[in-house]
Amino acid sequence: MLEATLKQGQLLKRIIDSIKELINDANFDCNSSGISLQAMDTAHISLVHLLLRAEAFDPYRCDRTLSLGVNITNFNKILKCASNDDQVTLKANDEGDSISLAFESGKKERYSEFEVKLIEIEADQLGIPDTEYSVLVHMPSAELKRICSDMAILGDTVTITATKEGVKFSASGEIASGSITVRQDASADDEDDNTLIELNEPVSLTFALKYLNIFCKSASLSNRVALSLSKSSPLLVEFKFQENGHIRYYLAPKMENEGEENADDE
Amino acid sequence: MLEATLKQGQLLKRIIDSIKELINDANFDCNSSGISLQAMDTAHISLVHLLLRAEAFDPYRCDRTLSLGVNITNFNKILKCASNDDQVTLKANDEGDSISLAFESGKKERYSEFEVKLIEIEADQLGIPDTEYSVLVHMPSAELKRICSDMAILGDTVTITATKEGVKFSASGEIASGSITVRQDASADDEDDNTLIELNEPVSLTFALKYLNIFCKSASLSNRVALSLSKSSPLLVEFKFQENGHIRYYLAPKMENEGEENADDE
Amino acid sequence: MLEATLKQGQLLKRIIDSIKELINDANFDCNSSGISLQAMDTAHISLVHLLLRAEAFDPYRCDRTLSLGVNITNFNKILKCASNDDQVTLKANDEGDSISLAFESGKKERYSEFEVKLIEIEADQLGIPDTEYSVLVHMPSAELKRICSDMAILGDTVTITATKEGVKFSASGEIASGSITVRQDASADDEDDNTLIELNEPVSLTFALKYLNIFCKSASLSNRVALSLSKSSPLLVEFKFQENGHIRYYLAPKMENEGEENADDE
């Protein structure tokens, strides 16, 4: 059986809220080391991988591997009944057909319990190969969110070009063309505001803004985001929850000749 | 004639705003002791009873009984032109066909006057019998509002079960079933946050959430709400305005066997 | 060529945002003294005249007269990509077919550049005759905005009547009639809250609220607004940007006999 308590329900609320546009149904895979979820979006273009380590919970107990199929939209509705500060406890029996959520307010004067029905989902576990990335960018997540939202005003795709000068996001469309460049900057008063660029090799790749903008909903989960780019691999966008887990999004680049060639030129 | 001045228009603005979804037209019944309004909702399922005592106004003058028929939607639109801090004066002549509203800002540099046409409404005064209730719950109005809104995620009805353990609100539907339990708690730093339960006899009754959620719009009128339940009577939901009046909602329970039997079991 | 830098992009953002409902396309006329724009609304009922003096920019350079035709909706979308605190630089070549906007954040770690295509607009420059106005009202812009929004609840037009007693805005419609009166008041702690009325001759004129409410979007540009009224001239509504420019709206009165006669009576 699973029994896992989060001191602050807010983390789970935000996780589910940030992936609900991407995926309809998914399995929570629970074992002694924690809870994970891996799913492709409904259009099978991007992949999300969530990990919540056992250390994120207190207490955490999971005797044997459990795969709990959940409709994310419904799960999200129920989680909206938890306050950000509520303690959230997940419980499931080995042979049960439901997952139980209990929400407790700090002062214990309110106690809520919900039983959500589980669903059968075909396991579709995809191996994610370890990749050597050409460029690694650590930046404020709010900044990435804003850039992707601005670029979407211009067009459907953004070209991310990383060189020694910085990382340039560019897009063009009928009304205008434009670009936003971020530069290495490790001087901010608040470390979270720094932009750090590790460049092994210049790269220029084009991505669908629709997906990037959905990924950026996870900016509420972490002040920082890491972008990992490599010419022949999907983009990796990672938001870490302190030491206790992460949410990772993978998105294949658009196979436009233009994007490919630019990378070679520089 | 009627002449009644509220130092802070906010109270009247909120009252009208909170009943506008429930009733279209209603008579303001004015006499020397104050202004009252009693009406059934458009579907004739719930009853609202508003009382504003003469003491709420300064000055207040009403020589003889007046019944002023008002379209609540239109009255609400006009009240939106008053600032929360504006002094609001209501005036009506004995034989007039309109009610006048005057709004004055504290510093008197702005003065607004509106004449709203009165309408004829068939008087439909219903006697409300005095009832001995089995259970009386005093709780923060924001808490009730939130519980009713959470329960509406699960289904159309909520079962309120009051026992020695506390008051349990439960609902179930296709995606999940759930319950929220509030317990007696008189220890809050702020008295307004206390939950007080007076139990003569356990009771379990089922109500339409649609109406409860409309009633809870009045949570803006008072930090506290009182629920009075009895097996064979409508639920009474009361919001008091300090010492100067109240708004009371009555709602008949759903006649489901299930709800009835639970009450007997406990 | 034009090169003009605003230290705070917010001013340009708000200007364009406030005129975007009124006009679709317009020429920015640039010369050594600054940038101006003059256009009738799409229904040819009101006129907007914007002036940004060279002094508003630093640096400002415009060698020869340039007329830059811009689609306001698209220009507004691009400006939304600037933060309020971003430095905004406009650039255009004498023979170019685009205007360039560059946004720089204070700390320079982000740099955005956009190229917006110019469009051909038939020059339609209208002379605005100097007028001796009968009444000049200086008031808080938020107050005018609110009055126009309140009056629109009652009807489509507002009659503005200025007498020694003050300035009365009145409207009437199916649900009610009403009026709001503002009086001379030079006693406010904050000068911006004063209402100053210069009256040469009483006047009463009726205007379409739809346009007044659109003009009032410019209340975000200035705490103060000036209304200039005269019996036989369009109303002038002016918002000043400190010393560096203004936005002026002109609106012809409704030619209703009622409105005219009232003015004569007083």
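Letters A, B and C mark the chains as written, and numbering starts fresh at 1 in each.
One rule holds for everything that comes next: a contact is a pair of C-beta atoms (placed from the backbone, for glycine too) under 8 Å apart; a residue touches a chain by one contact, two chains touch by 3 or more.
By chain, with names taken from UniProt: A, B, C = DNA sliding clamp PCNA.
Note that the structure is predicted; figures quoted are calculated from it, not measured.
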Homomeric contact chain A (DNA sliding clamp PCNA)-chain B (DNA sliding clamp PCNA): same or different residue positions, threshold half: different
C-alpha-based rotation, chain B (DNA sliding clamp PCNA) on chain C (DNA sliding clamp PCNA), 0 to 180 degrees, nearest 5: 120
Between chain A (DNA sliding clamp PCNA) and chain B (DNA sliding clamp PCNA), centroid-to-centroid distance (C-alpha), Å: 44
Multi-chain contact residues (two or more partners), chain C (DNA sliding clamp PCNA): none
List of chain C (DNA sliding clamp PCNA) residues in touch with chain A (DNA sliding clamp PCNA) within their complex: 71, 74, 77-78, 80-81, 107-117
Touching residues (chain side chain B (DNA sliding clamp PCNA), partner chain A (DNA sliding clamp PCNA)) in the complex: 143, 150, 153-154, 175-183, 185, 188, 195
